[in-house]
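Shared between the two complexes below is subunit A, which has subunit B as its partner in the first and subunit C in the second.
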Partner chain A sequence: MVTPGQPRRNTLDRRGFLARAGGAVGAGLVLGAPSIARAAGSPNDKIQLAIVGFGKQGRVLFEALSSVPDITRKVHFRAVCDIWDYNRKGGMAKCRALQKDQPDALPNGYVDIDEMLAKETGLDAAIVATPDFWHAPHTIRCLEAGLHVYCEKMMSNTIEGARSMVEAMERSGKLCQIGHQRRSNPRYRYTLEQLVRGHAICGQIVNINGQWNRSVNASRDIGYNPKLTIDEERLRRYGYDSMHQFMNWRTYRDLSGGPISDLGAHQIDIFNWFLGCRPKAVFATGGHSYFKDREHFDNVMTTFDYDTPQGEVRAFYQVLTTTSAGGGYYESFMGTEGTINISERAAFTNIYRESSAPSWDELIARGYLKRQAAPAPAGGGAGGGAIASYESEAPEAYQLPGELNLPPHQPHLVNFLDAVRGEAELTCDARHAFESEAPIYWVNPSAREKRRIELTSEHLDA
Partner chain B sequence: MSDNPSPAPSHDPLALTFAAWLTRLWLAVRAIQTGVEKYAGTAVSDQAVEIDGQPNDYGLTASSAEKTYGLENYSGVPAGLRSSFESEPLMPGFLLEPYDKVLGPALIALGATILLGILPRSSLFLLGLLYISLTWGLILLGQPGQAGVAWLGVHLILIVLALRLMPHNRLCILGKW
Partner chain C sequence: MKHLPASATALLGLLACACKPSESAGGDSSTGAGTPGGVPLVSELPPELIEGTPKPMKVPNLEPAAKAAPEFLVPEGTTLLSAGKPVTSSDDFPLIGDLTLVTDGDKNAGEGYFVELMDGLQWVQIDLEQSQPIEAVWVWHFHSQKRAYHDVIVQVSDDPEFASGVTTVFNNDYDDSAGMGKGGDRPYVETRFGKVIDAGGAKGRYVRLYSQGNTSNQMNHYIEVEVHGAPAS
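After this line comes the complex of A and B, so read on.
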């Protein structure tokens, strides 16, 4: 188990349980087909839920749950655990407001998760939204206490921590959903199942391009009211050197994986999920371009090489914390016949048909796609500054036929609750999440050591 | 040259009555509909997108928005303006809430009394005061509200005109007031 406060580094040590992870559970085979993720015995009553970590992400998850129809008939928020009084009391108040018409509207508050698990014997499930370096310890403790767990991504700040979560999930027989919420997003699922696989509108996918560009202002250190400072003894007990470190744990190497983990993990997960396989190599570069005092690189660019049944695929991903321009955040699957730019935001989602591809008119007539307004003429005309003979004909632009008009985390949380009731299978259990996350753990080492890393089962297997 | 020249407008009772009714009608419609709009909201409904003639299984939806009216939609002072007013040092904070509650019903009530000719002088005077209060609020907000100040100034001119035409404003109840 990861011990907070100690240096945490990725190593190549082969885990003892790696030998057991053979056969059908091997690399790539489980990326797209969760099957071990349904609760054996589901509670007929409300799910008794604890929220562990009620900071920014904890609030996002709570708000997403709050707008689920009849949520207070399905779930009772029974406990809130957070080491910061401000977060914990605020979370308890939010829960009380939501379930004001229910008995025991005010959940119990805890600073320490062990105390919570010892006293709250009636819990069914926990949502873990603590900093990354606490994900594995908190998730494992909850699983071992008999709770189903929804844990935020990244699974852990270390690959060993992530492996231990897979092991704990399978040992406990409990559910462990990892917060790659795009896996439950109807837009993503539709795009993969109907457009990429069903109708193969991309043709042969040969390149992938993804990014998350964030401005300096959105990336600055998070401040706090000095009156609300956590006392030093409590901070140290829970692995923080200072209040600044507590507030800005994402910028510290021992506490998080940095921007490639915070932001890139969501999108690189989509690369692997859509391709149905894992990369064979990674090469990355990064630096301290602006935030020079931070432990993690502020800007990282990385490439992954894949061997897919269709052929080679190269993927490029960049995460910038110094510039927001350039199209926001999306994943782009670029094929010989079409390109799908998909994002959680509809505004960043576009689909393009190559001029040489078969017509998509039938797909439009059947409702699989919507056509966008006619594109600008290729070449830019005589005064456009482009040489028409060097340019490709502009691809036609299309859209998905519908949108998700819900908080983006809601379908993933609902999938978890449905699975706890035995009514669904998890869309991203810990094993599948690990298969997809594992390559991401090798981006920072590649960037630091400035070398290409050939990824083997030793790097990637749980 | 005509043998029976039309009387000068200021001495034409029928034209003056029509002028009075038109200003009365304009001010009434303006006030009533402005008040009613404070009860307007938008009902957004999501419809499942159809693929191959069937609702899709994924949960993809297309939104349609429909304007609705209801007491639950009421908002006297728009939220954006309200937050601006709250930060204005000269704005008595304790007045904002009652003003917000009264504004919509007051516009409808005054518009109705002007339309029906009930207490026409007092109704026009009170509507004028209401517009002055709105003008003061917009002056507080500074430059973004200046166009609104001019717009409300036009309203006030029309109220003054309606009061000036009051001797010709027929079909009133308690017309003296």
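After this line comes the complex of A and C, so read on.
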């Protein structure tokens, strides 16, 4: 197992990206397999794992882990903790099905995390996928019990909670990975390391644009069978006023950060990670435009200002829960020589070269990029309705040389397991996650107070 | 399978317009238009509830998602045979929920309304408790996310083991990955409208439905299955 502080550098060159992403080798399922092979052999080498919170996100993480080759030879799911019998029993059954050929296939189930930590003395690590307001308490209790922790993002519903997680990680000496899964995604790592930093294909990045748009129907309250309602006493003991609040905690201010936290945090993290710095100011607006009874804004638009070594950068981000049109979810890094649109969805990932930029032919010849089919002429051709004299020449479109065909969370989870074994460095530990998340905590206050907030170390430091 | 000429299909469009929004009968998501001269098959449809981020569906020859209630004609007097009937499955320990949900009449999306069976080729089987002619099987696997289930095969038999006297009324296993022979029916996208399968009057006591994971994950799900046919004599 791991000794923190002796990490192995994770880098991803072109050949590594192709191998991991599956573009050159076809299957794509090779990702992670070689690096965990060392744990195979003795059952004692298995990481003894607990899942704390087996709701929707807990299931996503479990399913991502389930498809890691030979996962049951590397990990044993020993305990499942969830206050909802429906979630807990389902999680236990899923673990048993996955581990059906292993001894002790059925994990132990717990309603209460303190009882779990008291009884399960053989645990090595925990995955925390509870609602945001429980992230800090659950993560800290696990770290203090000597477990390594993978905790879903957002770190907490409050910046104080997030700070306490950083402090607990460093005090305990245990690993604490935060679930910004793009940090381990080969597409993102390759783009940053090889294209943005290695070959500077954007030139000077001047602007960033990002969005996550969902339709009304994809944003409605989560339904549940009333026959399965948790009794009132248990709900209140764990911080919920009602079953509706338990199911829809993302819409309540005391329990979550709302859409800018749920969806925006993934992408604003990428802004800060790619730029390698934190913004100096935030200015946001939001409203209860459709879901008028919700405590959080249903639509938020925000800007961030950065001072980078290359120069100033302005970033815009919007999260909509009332409209799905407009290109899905992506981050766009717009520079003087090129623009990178990147997303977890391959369909939203495209790269464009400005007509005035140096040729990328050598990058194509060396396999760093692929050229797309010829772009449509500016203005859509004859009769396209554009005023030609106002238009720039259409940029050429390119693609990455491979694509990720693994569950999006899998590389990040595998990175965590590798790190627990001391075979890798975490790609997003709590301190680095905090540095990137901290500005996000100031978006809602800016929108509520309708004012620009100049971000200082007081706002941003852990 | 039974198919209607174009003129009859046009007539069905008019019939559909007369339906109440919460009810439906045969159409673009069904495998056929049903019985000429019959009456619309009707069932209460659940509200739409889409959750989470959609995942790509990489399936050849995928039928587009239904945008309206299916239109399907059945002989007059056809009735729901499966309500509350016993259900068994190839998975002794469902991962989420239980098998009673398959015939409990509740088609809502959301937590607690579906049963999840483990990965691999799995089946659920409804015991109608009598052998009867079956006109249609209306199935909702899981509709809070756009997804397509693999190897959907529906069979009717009087043999609870499905070893003999088996009639296959639907098979969209285009590559024989289930090992039961290739089927000519199209893969389709799950929606709140469900999928109406033309059973063509096949007679049997048991209805068995197979699947082998879906485009979002490897598991198998059922919210509700309705078997419609002639009432018990």
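Just so it is clear, the second predicted complex is superposed on the first by the 414 of 462 C-alpha atoms of A that agree within 3 Å, B and C clash if a C-alpha of one lies under 4 Å from a C-alpha of the other, contacts with A are read in each partner's own complex, and residues count from 1 in each chain.
The working rule: a residue touches a chain if its C-beta (ideal position, glycine included) is under 8 Å from a C-beta of that chain, and two chains touch if they have at least 3 such contacts.
Predicted model only: the values in this text are computed from it and were never measured.
Chemist: Please tell me, clash or fit, for subunit B and subunit C sharing subunit A in the overlay.
Modeler: Aligned on subunit A, subunit B and subunit C clash with each other.
Chemist: Counting only touches as set out at the top, which of subunit B and subunit C does A:V319 meet: first, second, both, neither?
Modeler: Touch status of A:V319: no partner.
Chemist: Report for A:P401: first if it touches subunit B alone, second if subunit C alone, otherwise both or neither.
Modeler: First partner only.
Chemist: Once chain A of both complexes is superposed, is A:P186 in touch with subunit B (first), subunit C (second), both, or neither?
Modeler: A:P186 sits against subunit B, while subunit C stays out of touch.
Chemist: In the overlaid three-chain picture, which partner chain does A:A97 touch, first (subunit B) or second (subunit C), both, or neither?
Modeler: Once the two structures are laid over each other on A, A:A97 reaches subunit C alone.
Chemist: Would you sort A:A162 into first (subunit B), second (subunit C), both or neither based on which partner it touches?
Modeler: Neither partner.
Chemist: Is A:G367 in contact with subunit B, with subunit C, with both, or with neither (first, second, both, neither)?
Modeler: After superposing on A, A:G367 lies in contact with subunit B but is clear of subunit C.
Chemist: For the three-chain arrangement built by superposition, which of subunit B and subunit C touches the greater number of subunit A residues?
Modeler: Looking at subunit B versus subunit C, the one contacting more residues of subunit A is C.
Chemist: With both complexes superposed on chain A, which partner does A:C176 reach: first (subunit B), second (subunit C), both or neither?
Modeler: A:C176: touches no partner chain.
Chemist: In the superposed arrangement, which partner chain does A:E63 touch: subunit B (first), subunit C (second), both, or neither?
Modeler: second
Chemist: Regarding the shared-chain residue A:P411, is it in contact with subunit B (first), subunit C (second), both, or neither?
Modeler: first
Chemist: Select, from 56-64, 74-82, 110-118 or 146-154, the region of subunit C that bumps into subunit B once both structures are placed on the shared chain.
Modeler: Given the superposition on chain A, subunit C and subunit B clash at 146-154.
Chemist: Would you tell me which residues of subunit B are touching subunit A in their complex?
Modeler: It comes out as residues 44, 46, 48-53, 56, 58-63.
Chemist: Name, in rising order, each residue of subunit A that touches subunit B in their complex.
Modeler: 186-187, 189-190, 194, 366-368, 400-405, 411
Chemist: Okay, in this complex, where on subunit A does subunit C touch?
Modeler: Those in contact with subunit C are residues 56, 63, 66-67, 86, 90, 93-94, 96-97, 215, 217-218, 220, 222-225, 227-228, 247, 329, 345, 347.
Chemist: Show which residues of subunit C lie in contact with subunit A when the two form their complex.
Modeler: My answer: residues 48-54, 56, 93-97, 106, 108-113, 116, 118-119, 217-218.
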